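The following block contains the structure, expressed as structure tokens.
Naming follows writing order (A, B, C and D), and every chain is counted from residue 1.
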Amino acid sequence: MPKMKTVTFSANWEPKSDFKLGPKDIEGKLTYLGSKVWRNPTLQVVEKEIPEIGPTEVLTKIKACGICGSDVHMAQKDEEGYIFYPGLTAFPVSLGHEFSGIVVKVGNKAIDKRTGIPYQEGDAVTSEEMLWCGRCRPCADGYPNHCERLQELGFTVDGAFAEYVKVDSRYVWSLEELKGSYKEADIFLAGSLVEPTSVAYNAVIERGGGICPGDNVVIIGGGPIGLAAIAVLKRAGAARVILSEPSKSRADLGKKMGVDYIINPLEEDFTQRVLKLTDNLGAKLYLEASGLPDKVFPDIERTIWEGKQLNSVVVVVARSAKKIPLTGEVFQVRRASMVGSQGHSGHGIFPHVISLMASGMDMTSLITKKVSLGEIPENIILLQTNREECKITAVFD
Amino acid sequence: MPKMKTVTFSANWEPKSDFKLGPKDIEGKLTYLGSKVWRNPTLQVVEKEIPEIGPTEVLTKIKACGICGSDVHMAQKDEEGYIFYPGLTAFPVSLGHEFSGIVVKVGNKAIDKRTGIPYQEGDAVTSEEMLWCGRCRPCADGYPNHCERLQELGFTVDGAFAEYVKVDSRYVWSLEELKGSYKEADIFLAGSLVEPTSVAYNAVIERGGGICPGDNVVIIGGGPIGLAAIAVLKRAGAARVILSEPSKSRADLGKKMGVDYIINPLEEDFTQRVLKLTDNLGAKLYLEASGLPDKVFPDIERTIWEGKQLNSVVVVVARSAKKIPLTGEVFQVRRASMVGSQGHSGHGIFPHVISLMASGMDMTSLITKKVSLGEIPENIILLQTNREECKITAVFD
Amino acid sequence: MPKMKTVTFSANWEPKSDFKLGPKDIEGKLTYLGSKVWRNPTLQVVEKEIPEIGPTEVLTKIKACGICGSDVHMAQKDEEGYIFYPGLTAFPVSLGHEFSGIVVKVGNKAIDKRTGIPYQEGDAVTSEEMLWCGRCRPCADGYPNHCERLQELGFTVDGAFAEYVKVDSRYVWSLEELKGSYKEADIFLAGSLVEPTSVAYNAVIERGGGICPGDNVVIIGGGPIGLAAIAVLKRAGAARVILSEPSKSRADLGKKMGVDYIINPLEEDFTQRVLKLTDNLGAKLYLEASGLPDKVFPDIERTIWEGKQLNSVVVVVARSAKKIPLTGEVFQVRRASMVGSQGHSGHGIFPHVISLMASGMDMTSLITKKVSLGEIPENIILLQTNREECKITAVFD
Amino acid sequence: MPKMKTVTFSANWEPKSDFKLGPKDIEGKLTYLGSKVWRNPTLQVVEKEIPEIGPTEVLTKIKACGICGSDVHMAQKDEEGYIFYPGLTAFPVSLGHEFSGIVVKVGNKAIDKRTGIPYQEGDAVTSEEMLWCGRCRPCADGYPNHCERLQELGFTVDGAFAEYVKVDSRYVWSLEELKGSYKEADIFLAGSLVEPTSVAYNAVIERGGGICPGDNVVIIGGGPIGLAAIAVLKRAGAARVILSEPSKSRADLGKKMGVDYIINPLEEDFTQRVLKLTDNLGAKLYLEASGLPDKVFPDIERTIWEGKQLNSVVVVVARSAKKIPLTGEVFQVRRASMVGSQGHSGHGIFPHVISLMASGMDMTSLITKKVSLGEIPENIILLQTNREECKITAVFD
């Protein structure tokens, strides 16, 4: 059996006293509440067998795979040794889900959605991370991001910090459209950013309802999702894209993504600045991408209240357990709405993002550091404290 | 000059110490913050001159006019003597805005939107209460409920607790379509309910996005708006209409409006009941019509979280200054959204409500008591404490 | 091996001279252009083995299965002996796809979308007819009705004019919600109508965008889809549902479905009647369900032109190769639109229809004749000429 | 009384034999069917009095005013001497409606929608051409483009080929936002293009539903509306904007507007080219802006049929009395739709276009020739035959 190198993540199943096995949890193996169960995580580069594929699957040789914030939280532990990451997990697993690569083996029913025939060896591809079941009610209704029987690549199924990864063709998307627009190596860098960009696209276009060309938007938080949202909304015709972000390095990345104005919310009055920059309108869309909704929401709400803009939509994409103190009257008087956003699958999102990348939306400057597969563990650790890097990405020859 | 009887409302302009004259307020006359300014209200039946009309106006002889909660709050005073009603007010004014009547005089440019020619004497009509300006940005964009230069009938302009009322034709709507479906007297009872029903219609159809036939809905609060929403949503094809309301008399009115199930939130577990009644789905639309959003929202949110329904919309129509403690994660995982709703104008709402009334949606059982014009002051006072009556309506010969 | 009775359909693969094997056609077996290939059809009741099921499949004992127009067209032949039905076909096959039954065997991964766990023996169920692949671009994007690799139950895969049918659980829907609303036998009659009702629901709600309560609608053609659309739109809150249909027996069925007014287009002026019935508005939604778009469209267009209604939508659901002579100017001046509609899958359609049936929308009067499985062939032939019957349905003990 | 120069248009009221006075026509003065009535047109530069304004009106000193195709058609006559322009007209009238200028007099109620207070002298402004009434059913419902009592600036009311024009403030829009983005003179050139750009914006964004970033679009016809649509859709995030246009000079203007690919439909196979350019998808949105729908529609339809794109929308914006031969089956199988588009008012269109112009969408290269007011008559005549010029615009010192 041929072998490959991969970054494997392990932890001990030691449930906290208040943990109860959920209906979909599997004792000792899988839980929807990671931080309640998994203790003493370890990250190692190991050898595994290259996976065998079934008739609907594709084997991909990885060319690039970026570190996601969730990778960082999985390896981060609290004082009792439990992992930070609170969600769906099944260990041990190979991490990595923001990837691109080259098809090396194809099942005979592994259809390429772009061509309607099976993938070809040599095709450049990427993949969704959410492995939706395709047969529960949300999947049948067209909402795969809310699949009731979700598996997640790099969380419950072996991921792409590896030389090879196996994925069912239904989650795979061709990157062939990028050829011609990018240099060879950059195709794969761009391709590894399709997944996080799709999270932003889902938030602002699918869930936020998009904008009309000429609308203003405000992004709160310059992490990878906020930064990707800047690029998408700039492309969608925003008159003014405003980023609220205290970090200088993140703000600089915002500029590369096309931001028009930056607010430092620690030094400036958010509402006053937004109103000044927007001719007293405010924004049609506010994206909460900071993870601090309790902190930033009052400012958003005051801006909606004081601005002339009607029909503002607040999209909450960053995860947080904090309560948002919402004033109904503001949403009544200003005809506003609030939506939650989750996921990146379905709704034509991946192919739209790829088409945008093929036609001028270059996200590759989000990658601030390139490393080898072997350096991934230490860089996952690095990102627990480093706030300067944006995407650290493993690249492969 | 011919005279008429009318119920006039007066109060003294005695601003509280923390009140500042707003940009659109007029010293001694008009404010956007009624409860900060007006003191020692009085309600009297007086004689006034019958209004003269201009070329675009209609003079209507009133046939029915119902008491609205805002009428009650205007006449209700706190311990210092200030009125309860917090909004736009200009006194003295004749109250009354939920009315119907017969056209007795028509300006030559007072176009009937139903026919495209001027109203005819004898036409049965009703009117919007929101006197939108038609030339500010919200009006020009199609959002008259958010007019920046709003006047309000029965709040800042003489209303319909009177023998006659004058209204610009742009706010007037024909009730001629009701003829044939109702007995003569009932046309006007129905017509006096078009305005509050339109507030409900705006909330659940225009702002809430309506439902697909077969969806479930939950109405929280069985006041006039909640009750009207029941009728509208039942008609819109809800599979199950559930009302959460502790009052027996309100619940009984809910049944008359077509409710399928009633929850007493003081005695039952809201979430468990909703899930049991909906085959564990929950509802597509939740209407907050109780005015207690801080109290009821956690239950709504828990139901969204535990039910299988995706894409739930929470519509907040009742006014309250209370914060709503919203959990972003619930709205993310369940693909939910929250909207505020205000007003009844525009979007074809009045004519749709009239067409519904003409084709079987009978709201007249909401009128629990009929009185004469002279009895209106005492009944406005009565409603400060009485919780049994729903609509008390002045009827005219 | 246990056996069962089934109605099998055969024909000879004798392509016409102008037929070319398409990219997805399979020589001698499957074609997208039925009427170009299949000759000398035969219908027989035969014995087959009861199908074995896989882990995601469900075996259902049939309780009711209705004859669809496409069944009739498959068995109908032109003068050269070719079948009428022009679409996707693979013979020999057991016909029948409008069915309901009782689950008798369940794969261990055959998830019930209603409960999230596998189906239970004894469950009442129905199924979609469109066997979408779940992995092509349209399926991934949420449009299973436009699957690029469609199979069809009773057309290319053995259907439900049989004692048992095997279907993958992703297409199966529980009818358990109907229990309590219907008598035992009627559950299955209703259940056999979910599929055609879903075609209508997809047309008027999903594709037509639904209506606002109080809108008027016109249905052109009182076949099963038009009749089902009446029931759905009546439930959706139409002020007036108008059916244009020359046949007395179809018009009578329309009344049972809730139609308000009937137009006989052979004897009355369609436009004048619609305008008279709608207070000169016309309709928000016109459903072309007659199959004669070239004949009826000019009348629809004239009604849109002469009525006051803006934003009318014309939904074309009946199949026809005829050109529709559309006048752009009418659609410009009246802000109108035209959409095509196909299929019944996805978008939550099946469960919404089932919920409607569980809450008062009784379609069973569409079934005008009940027969045994053995009588199906002769009744399929009967329907080639009989215009009085609506649904002829096989019922099983 | 102070005087000003203006280009006045006259013609004789000599109705053709088949003309009947319509319900809104005024004998000798106004008709909805211009080409049936008006004969022997003349264009002259004359002196008129500078208009007096009312309390809601604004007097504007014109800085730029472009010639529209409708101006050309008004002055063009058939062999019997009747004008080409078929629509709403009242003569004599000063032509001109694509204008910008400087406010010189303001009524005390002439509110600026941007600031909420009256316009200020010196403000740069433009205006809608459609003088909607604000009180008919379409206006009340939010559809001013379909006003039942429309007047039109430069068609029935004196327009802007004049030194001054008077317009009610409800139709006026501030161009102050353009200051800072344009040189002084270019503000007014840009401002004179807001109206035609708004026609395009209404077509592709409001009526066409906009696009998702990454969609492809095809514009058929490179006249001013098609060219403006290119700029709007490019800005809206189209992956590929394709223009079908045989004229070299128009194609070159298309490139200035941002077109990605040009098809010469006289020399190339439209469908093959579109499919090749779009990776076999086709387009999400097709804009018929050629005025030859009977000619171009079959190609659009074939492209929809052969491409993989679902949910295509065909927007018909150019006026034509020709029938469009639409195949329902194509719209069914491809889930497509067709909409008509008319007008430029409402829906926030003007301010969105102005914000786009203020943030980088520069349309001024559409102006291919600048002339003086006195040269307008000869240039209106010139455009009857010249196909090289796009916008010819009168500029004022």
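What to note about this one:
Keep this in mind: a contact is a pair of C-beta atoms (placed from the backbone, for glycine too) under 8 Å apart; a residue touches a chain by one contact, two chains touch by 3 or more.
Predicted, not measured: the structure shown is a model, and the values here were computed from it.
For the interfaces B-C and A-B, the C-beta contact count is higher for A-B. If each chain is reduced to the centroid of its CA atoms, chain A and chain C end up 40 Å from each other. Separating the centre of chain A from that of chain B, both taken as means of CA atoms, is a distance of 44 Å.
Among the residues of chain B, those touching two or more other chains are numbered 114, 116, 137, 141, 143, 148, 308, 348, 351. Taken as a graph of touching chains, this assembly is complete, with every chain in contact with every other.
Of all residues in chain C, those touching chain A in their complex are 56, 111, 113-114, 116, 133-137, 140-143, 148-149, 168-170, 346-348, 351.
Those residues of chain A lying in contact with chain B across their complex are 137-138, 141, 143, 145-146, 148, 207, 288, 293, 308, 310-311, 316-342. Taken together, the chain A residues at the contact with chain D in this complex read 114, 116, 177, 201, 205, 210, 212-216, 232, 235-237, 239-240, 260, 279, 308, 348, 351-356, 358-359.
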